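Here come two complexes built around chain A, the first alongside chain B, the second alongside chain C.
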Partner chain A sequence: MDIQLEDLNNGALCVVLLGRLDTVGVDRIEATVTSAVAAQPRDVALDLDGVSFLASMGVRLIITLARSQKARGQRLVLFGARPGVRATLDMVALDKIIPLLPDRAQALAHLLSA
Partner chain B sequence: MSTAEDRATQFADGTDDGERTLIRTTRNRQPLLPSRVGWVHYLVYTDDTGTPQRLQLGTQPVRIGRRAPCELVLRDSEVSGVHCEVHLRQDELVVSDRGSTNGTFVDGKRVFANELVPHGGVLQVGRQLIKHEFRDQQELVQSQELDRDLARASDYVQSLLPLPLRDGPVLTDWFFQPSTRVGGDGFGYHWLDRQRLVMYLLDVSGHGVGAAMHGVSVLGTLRQQTLPDTNFADPAQVLARLNDMYPMDRHGGMFFTIWYGVLELPARQLRFASAGQHPAFVIGAAGGAPQPLMTRNLVIGAMPDTPFDADVAQLQPDDRVYLFSDGVFEIVTQQDETWTLDEFVPLLGQALPPGVGEPEHLFKVVRALARPGPLDDDFSILTLQVH
Partner chain C sequence: MRPPSPSLLIPLTADVAGLEIARLQARQFLQNNAIDEHALTAVELVLEEAITNIIRYGYEGRDPAEEPPVIEIDLQIDMDEVQVLIVDDAKAFDPLDSGGVLLPETLDDAQVGGLGLLMIRNTSSGMVYERRDGHNRLLLTIERH
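Coming up: the complex of A and B.
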């Protein structure tokens, strides 16, 4: 599991996740993700294009991020999920609380439009 | 294990604390990895029953094969009589193939003579995977105590599972195999009254004693019907009340998924709601494709004040309902491929060998398809047949 942090044009933080988002993967990146998100109140976009597998601990990480963003009045969007990851997101109905967008451009457009 | 040379080794700060290995000098050599007082090499493998075992290595070589005189015997038709041999060379584990038919592999690479098996490396012998551990004996004792705690947590979960219903209008059967890490599965059923049977299967996020404790708590709440102001015949309301009672921010960051149903007799009407979980399935007496029973709801505990949707299915005489956890299908096969729900579902409702219930049979089928070693997650299947 690897992680890259990027600034988007609108000032939002883009968190690029790469690898398996399972217990081991989450252990490796959770502290980096949460500290990066907590460093400054701003919208966050999670890039899931490089995530090959999403387990329950990965779902927990995403929900925790969504809750902390909501508590600070900021937004979280997900984009780029591959079919297997998308199926898991659908199964746990995360789209009921977090917008799921197909790609980075649409994620950025979503954050700019609201 | 330590050698005389190791014992001559001194830490730069004058201590002999085996944990403090950052700075030290050696008299004669610099080993690939520093010797550590009280550290021991182990081979970790799975025995015939699927139980992980740990063999401590000493000064004598250990032969690995299918029969005596091997010191480590593996009942696997792809393992040769005397397949390979390992021995310690100072602080290193070395393996040599003994002319086996199917070869010996270290981390996927075929090896022949005097090859190193790194710490944490995996030796493949036939279908068996054997991990090389090099660790502190004291730390291992503590780790084994944790394992015993996990086993006790697992036993506790199993003690709460209901007895199968062998007669009456609904027959049940189930199979539960906790993973070595304990996955937080739980399930049950009970009569609300003479005509309504409640059934449920839940899966707490994560593994370990914490997940098991959380699962036990939820199981107790459902069994004892202790949710406040709740109509337990109303699946959507039950899930909403569970969501109120078990928010993840007040329960160690854990959420859970659940499938909850209420079967009403004699109408054979099944009201159900699921949250964050794959479908249950129903198969008719005449066979046919399994029909999914699912409602899309957020996992329990994720967000307060979440609405939950329910649905209803009309069952027919002798329909069979299947509830199971994701540990049943999220396996890695012997071909190192990750399985999915779509690959598992066609196994439901197939002909059974005599004397074996379908849940146990499905476990055996999945077990045979999965890579060697314990399954990664709890394996829970519950079946209910409606007369």
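Coming up: the complex of A and C.
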């Protein structure tokens, strides 16, 4: 599991997640992701295109990040989930409580529209 | 007479490293037996969720130096299904007996506990639990197609 941090041109932070978002993967990246998101109050987009597997530990991480964003008055959106990852997001109804967009352009448009 | 079903017994240590090694062994075995990626991912998911629960909660209050945990995975490939048997000597825990998770309507009421069990239930076509001789035995059935 690896991450990359990128600035979107609206000032939001894009966190690109790469690999398996399971217990091993979350252990590896959780501290880095949490501190990157907490570094300054701004909207965050999680790029899931490079996530090959999503388990409950990964879902917990996403929920925790979304809650901390909300507490700071900022937003979290997800985009790029592949079919297997999308199926897991649907299974736990995460798509009902956190905006899930097909790709980066639509995630950016969503953040700009509100 | 049908040939015997391919099977693999994987003993693992009760920690995250043990889970990862076991997952890779299971993946190799399933790939070698032409299990498709969809079923393979389903087996990985139930192993991840069930064994994470055992490691995190099953051995609370027990000194591993005095009484080392014993966890085993037994995979068996049948004609239409993969049978995943997980045996451990942790505290008794019947996943069929635990309450269901309510799916969230808002971020505030999203539960982070119990998601793993929800995933196991939704991914398996069969779940059988038994407590026998001080061991939990959880048999999960994953459809091959």
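Assume the second predicted complex is superposed on the first by the 114 of 114 C-alpha atoms of A that agree within 3 Å, B and C clash if a C-alpha of one lies under 4 Å from a C-alpha of the other, contacts with A are read in each partner's own complex, and residues count from 1 in each chain.
Here is the rule we use: a contact is a pair of C-beta atoms (placed from the backbone, for glycine too) under 8 Å apart; a residue touches a chain by one contact, two chains touch by 3 or more.
It should be emphasised that the depicted structure is a prediction, and the values quoted were computed from it without experimental measurement.
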| item | value |
| --- | --- |
| Touching partner for A:M91 - first (chain B), second (chain C), both, neither | both |
| First, second, both or neither for A:S56, with chain B first and chain C second | both |
| Which superposed partner A:R72 touches (first chain B, second chain C, both, neither) | neither |
| Residue contacts on chain A - larger count, chain B or chain C | C |
| First (chain B), second (chain C), both or neither touched by A:V24 | second |
| Common interface positions of chain A, toward chain B and toward chain C | 23, 53, 56-57, 59-60, 63-64, 66-67, 84, 91-94, 96-97 |
| In the complex with chain B, residue positions of chain A that touch it | 23, 53, 56-57, 59-60, 63-64, 66-67, 84, 90-94, 96-97 |
| Complex interface listing, chain A residues touching chain C | 22-24, 27, 53, 55-57, 59-60, 63-64, 66-67, 70, 84, 88, 91-94, 96-98 |
| Partner chain A, residues of chain B touching it in the complex | 203, 205-207, 248-249, 253-255, 257, 275-278, 296-299, 302-303, 306, 338, 340 |
| Contact footprint of chain A on chain C as seen in their complex | 16, 19-20, 38, 41, 44-45, 48-49, 52, 103-108, 110, 112, 115-116, 118-119, 122 |
